[in-house]
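Shared chain: chain A. Partners: chain B in the first complex, chain C in the second.
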Partner chain A sequence: MQITIASGKGGAGKTMLATNLAHFLSQSGQVTLLDCDVEEPNCALFFPGVYTSLETVSVYYPKWDSDRCTDCGVCSGMCRFNALIALAGEVIVFDKMCHGCYACSELCPQGALPMVPRGIGVVQSRKTGNLVVTEGRINVGEEQAVPMVKAALRHRDPSCTIIDGPPGTACSAQEVLAHSERIILVTEPTPYGLHDLALITELCLKLGKEPLVVVNRSREPFGPMTAFLKETETPLFIPENKDIAHYYSSGEVAWPHVPVLRDVLEQLRERICHE
Partner chain B sequence: MSNAAEIVVISGKGGTGKTSIASALLYEFGDVALGADCDVDGSNFPILFDPQPLESIPFYGSQVAVINEENCRGCDACAKVCRFEAVEKGARAKILRDACEGCGYCVQICPFGAITMEDRLTGTIKVSSIRTGTLMVHGDLEVGGDNSGRLVAEIREKAHVKARELGKSLIITDGSPGIGCPVVSSISGANYVLLVTEPSLSGIHDLERVAALVTGFSIPSGIVINKADLNLRNRDTIVLLGKKMGLPIMAEFPFTHVFSESLKQLKTLMETNDTNLINRITHLTKRLKSSLEVK
Partner chain C sequence: MILAFTVTANDSNASMDPRFGRAKSILITDENFNGPIYLSTDEITAGAHGAGPRMAQLIAEHKVEVLITGNGPGGNASALLSRMGTKVFTYSGEITAQEAFTQWKKGELTPFTL
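What follows is the complex of A and B.
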């Protein structure tokens, strides 16, 4: 079972739910918690321990070999991402802008643009009890998260993986959602939460997946959101609770101390494990 | 870029109150300021301001390969070179549009000239008048679209053009989340970056990462601690971290329902009756003004 916790809006409680659900489920079996929020991976903060490095993730970009280059100009103007500029007698490569399509490298008649690897981040892991926490972590300043997300996804455990997805609805979020059997969307009952929930629901439906919505920090009903949720699978609600926020802020799972959260996790387990 | 000074509000971590702070600042600065929303992947900045669209400009952020079926002989040359698994082989090749990266390698390699590149609509740039009497430049990214920093760059450029036209001296920009391409695009060339964080371990972790990015750009910056009383020990850690990185604490806000309650009523923090919050925003505004003048 591959379950992704996602949210259109950052800070809605995605990581809170992912860490608590994974820890809760690990009381009765092996669970992998896979952090695919590669720009800001936070799940491991809740489970201190020593990391084991699983993989250094590299992308490939062309490196100019001036000895081989005959200044023929074939590569000039070829790159649609402006990652390569051919001037008279010199080729300049902007490695961070390269999308790794290999066109310039393979079409160079002289082989003067060999592809070379560049590390963009790591996939690493730590274990506590039945729980394996694995994260993809992209280096600060790297701009392309998708290869990093793809690498992290290779470390799913087929039996039970809880994935903490990237926020938003852009390409890296889509990559993770496309690989999920079940999607849980976390939102908050505000106009911002609703706006972003509508966007990510649309993305899930486009991918042919019916999401289950969890409304976090729920107080009195927020009318427009109630109306939206009538069209979805029966949602679950986590009440507004300062203890949950406090345990989260200290980097601790809250469910053993907060019965209302434990109730929601039990209901979630019922829903996702009996399908 | 125009002569207008630009303050960009960002946060590594989502949900720290970035947009609440940015909208309160835009309200408080009044009609000398213009708004810009660079959180294109979940554009929330306009929601509180009742935007009335004045201009809507399609944004073609990438390209996609298109097969001309008449010319295609199904030779698979394109499928062999595509690194993005975007070509489905067959009697006629088929491009999987969602997978296509727009690199154009297939166009170069096709022996029959059967492939062309086409612009792909990935978003919209909008200029709207808002209820506080000023303008906002904002954008929407197509769902699942390429979250290109270019859309962000074009929104900011448009904001500067409008600021020049209308004689606005200040731009308040709601920046992109994270530490990737869009946030780099949000802050480059800005006059001041305000980092909004919260005293949770995640907040601190994300602040460290995003601060490393910002200090790399040498832009004057400061920190806002939201929900400061949620965890006082972590709050102190942020203060120390700020000292170490040369980032002053520009304001602190308490953990309060007023943030979400004001949102539900579509009001900025300045329009609530919480005088404590209002005073803190006013004070922050003054400090930002003096930081910009010193420069």
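What follows is the complex of A and C.
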């Protein structure tokens, strides 16, 4: 089972739920917690230890060979991302804008644009008890997260993986959602929370996956959200609770100490493991 | 000397366009404001990515020595422009291309640095 915890809005409680759910499920079997929020992975903070495996991730981009180039300009007109620009007598490559499609390299009549690798980050893992914590971590300054997300996704464990997805609905979030069997959306009962919940729900439905919504920091009912949730699978609610915030901000999983959270995790296990 | 201005319409009395990569049009003239002629940027601004570098390429193709624009080009476009030795100046406020030219002539415009 591949379960992704996602949220349209950042700060809704995605990582809190992912770390707690993974740790909770690991009490009764092997679980992989896969942090695909590659621009700011933080699940591993909750499970200190030494990384025991490390894989470097590279992308390929064209490198201009001035000796071979005849200044024909074919390459420059072809790039949909304008990642390389032919000036008189020179081709300038903006490697971070390159999407690695190989078109310029393959179609250069002189073979003057060989593809070369550039490291963009790492995937690293550590294990505590039944729980394997794996994170994708992109290098500072890289502009495209999708290749890094793809590399991290290769480390899914087919039996049980909890994925902490990137926030929002952009390409990197779509990449993760498309590879998930079950999607749990975390939101909060505010206008901002509802706005972004509607966006990501629409995205999930377009991908043919009906999400399960968890409303975090639930207080008095927020009318417009209640109305929205009537149209979805029966949602779950995590009440607003200072203890959860306290344990989370101390870098600890809260569920062993907070019964209301434990209840929600038990209900989640019922729902997702009985499908 | 060839000068380029980012403008909002094909008219020397039209407002300058503060944007570089997504400028509506490029006005090309010389140091006496002869011409001017206008370059279509539709194909560049229609693309989702890399408008700045493409615009810099267009500027290079016309052998522009002085570029006058509002916000200034971004990092990638600036790298190309400086490679070609194009001098970039920025203005402030809402002015026409004609007014920007006059300010440049009087040496009142700020040289652009990233």
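Criterion: the second predicted complex is superposed on the first by the 272 of 275 C-alpha atoms of A that agree within 3 Å, B and C clash if a C-alpha of one lies under 4 Å from a C-alpha of the other, contacts with A are read in each partner's own complex, and residues count from 1 in each chain.
Keep this in mind: a contact is a pair of C-beta atoms (placed from the backbone, for glycine too) under 8 Å apart; a residue touches a chain by one contact, two chains touch by 3 or more.
Just so it is clear, the model here is predicted, and its values are computed rather than measured.
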By the touch definition at the top of the document, which applies to A:H257: first (chain B), second (chain C), both, or neither? neither
Thinking of the overlay built on chain A, is A:I92 touched by chain B (first), by chain C (second), by both, or by neither? second
Tell me the contact category for A:K242 with respect to chain B and chain C: first, second, both or neither. first
Looking only at contacts as defined up top, I'd like to know whether chain B or chain C touches more of chain A. B
For A:T169 in the superposed arrangement: first (chain B), second (chain C), both or neither? first
In the overlay, answer first, second, both or neither for which of chain B and chain C A:R80 touches. both
Quick one: classify A:E143 as touching chain B (first), chain C (second), both or neither. first
Now for A:T15: first (chain B), second (chain C), both, or neither, which partner does it touch? first
Contacts for A:E202 in the overlay, against chain B (first) and chain C (second): which applies, first, second, both or neither? first
Quick check on the output: what are the common chain A residues between the chain B footprint and the chain C footprint? 80-81
Residue set of chain B touching chain A in the complex reads 12-16, 19, 41-44, 47-48, 63, 81, 83-84, 98, 101-105, 108-109, 117, 141, 143-147, 149, 177-181, 184, 198-203, 205-206, 209, 212-213, 216, 227, 230-231, 234, 255, 257, 260, 263-264, 266
Using the touch rule from the top, collect the residues of chain A that touch chain C in their complex. 76, 79-83, 85-88, 90, 92, 94, 97
Chain C contacts chain A in the complex at 47, 49-51, 53-54, 56-57, 60, 76, 79-80, 83-84
Chain A residues touching chain B in their complex are 8-13, 15, 39-40, 42, 45, 78, 80-81, 99-103, 106-107, 138, 140-145, 167-174, 188-192, 195-196, 199, 202-203, 206, 217, 219, 222, 240, 242, 245-246, 248-251
